[in-house]
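Read the structure below first, then the notes.
Note that the chains take the letters A, B and C in the order they are written out, and that residue 1 is the start of every chain.
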């Protein structure tokens, strides 16, 4: 062999080993560095918040200004209502849009839609809030849960659309062909086979979108506004955890600060729960008999 | 066009060469046997008999090569016909070699120059047979079906000659009982020659199959054209 | 939404038999189909392909193929890469047009009715002409049992006795004994050869008349291949089979008839025995003996 190198013991090999080790340490260190904010947030929120979490917190209304005690039952239910309605609007539209983009990837219209979705996902959430204000609040004459949900749905939409599209594209074309080969019509094949195969991934994407949207406060500031009582109807202002946290945090009251920390803890816990559930679902693709 | 796989092409070429060699040796044996008979050359007869050993060795070598090609290459179409033809041809050639040996053995037993006319007929018959063999081998190497067909037709001539010689010898034997021993040996030689012609005919039929894919064997018995 | 199993197409407009045609005899140099040793009785020809042309965009892949597919026989299509054999088989069940930009012209007569016509529903065609693909593709979200029933369920057909049907289909592909205790496991949990047989069972559950196979064994090991080939042999009794393969020995093993394609044209079509012992065309001879030039 030309210039047959010795297998061991030369300087080049040692140098390479050292370089390898250095880079490994650098990468590991970077990971640790990246984990620090997450870990500290989790730790601090838990530390400050867990004390304020009790049954009262989940069930009772906020007490009048000045009084201590009370809870954030309405904010919690409000967040659930807002996010729930946002899902009702955002998920179907988003998934169907994603299906459309995956089915007709080449058309001019698809390119436009895709581009719009990408742009939309970059719009600041407060801008979306202003949009919802102009479109829903002004005509209606008041703040409402509907307006808040719409704003959240708009924020959710691009993420769900693009995730759905990407995941549908990942499904191997051979599965589609197999379905077509069985004499299944094109749309049945897309919905029942392709979509179903991509479902776990799409659900994950949706859950992540929900987790993100659940923690948004800016778009809710002048759409859903806030409410110190249980919600009277979806055409009324409604409380939500993020907004409540904001309100309490900037207040001068110690008790409110305690409750804000508790709320933050609950919010983080919810987000964590959603993420974990999403991951667990992905691991079991075959459901049913 | 050559096979894309050069090793395969080489294997087939070597096989062809081996058959060529065997054919040449067999021709050598037949012409040697016939010359030995014509001139009653006992030395030549013995030398010719000795050649048979190489024929047997070549037969085994060629058989083995063929089996190897079948196992490793899964030949089809013309290649397949070539291999199966080769397998059969070497059997026929080996038999011709054995017949030449038998002929030489009869020559070694003959001592007198009696029954001249029959001997002359036999020599002529032998020339035809020798030529048939040569033509058949050429047809194989050149994949010439037309040439092979001509060989097949000449078998009739040989059969006719044999049919003539047999009663002639019978006549001699009845006439003069002292000539029975010689006549018998000549009869055997005639038989050998006739069978050599049959083998040459087989060769021709195999070549036609190899070239055209038509099986011409057993034409008279099975009523095929 | 269920409907009774209805796998027939709209009734043929004309009578079944086409004009009596003598098989094309070979003229030196011409490249038409030679069906000289094949039968010409119309009842025994399941699919008659006439002047089939196919293209992807501007590239013409099939340049006028005329070929009979004999009923209850296995017909193999062989040829080098790019000769159009996969395209051809996909034209037989209108799968070719699924690819964007793909077009086909010419007539494909299934029992006398041209399936290439505008008014023929490709979905219906595909229920009569099933397909097995190169890479086994069981539906990953479904169990073995559901995979077998998938074709029927997705078509909204009522299944009278699903368990019996599943068992019958799996027995038919010699898979029943291996999977009868694990029917609820995911379809993708089987080995490659088993997956391919599952896909065949899935196709057979719809009771098609013709089964198209596009290189069904190329992703399988020799043992699995042998199982599938044996299966093909048995399926012949109930179905008409067309198989595309780039493995000539496989064509020699399984097929009754073989067609050799080259650069979008049919070079030779005949009994497999004839093609592999004394082909008539020089190009066929060269290809199958390995003289590619």
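By our rule, a residue touches a chain if its C-beta (ideal position, glycine included) is under 8 Å from a C-beta of that chain, and two chains touch if they have at least 3 such contacts.
Note that the coordinates shown come from a computational prediction; the quantities given were computed from them, not determined experimentally.
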Shortest contact path, subunit A to subunit B, counted in steps: 2
Chain closest to the middle [Cα centroid of all protein chains]: C
Inter-centroid spacing, subunit B versus subunit A (mean Cα positions, whole Å): 92
Chain centre separation (subunit B, subunit C; CA means) in Å: 51
Distance between the centres, which are taken as Cα means, of subunit C and subunit A, whole angstrom: 48
Residues of subunit B touching at least two other chains: none
Subunit B residues within the subunit C interface of the complex: 1-5, 8, 74-81, 212-213
In the complex, subunit C residues that touch subunit A: 93, 95, 98, 100, 123-127, 130-133, 135, 137-143, 145-146, 150-151, 154-155, 184, 186, 199, 202-203, 206
Residue ranges of subunit A touching subunit C (in the complex, touch as defined): 106, 172, 174-175, 177-185, 188-189, 192-193, 196-197, 199, 285-289
Residues on subunit C engaged by subunit B in the complex (per definition of touch): 248-249, 252, 275-279, 284-286, 288-293
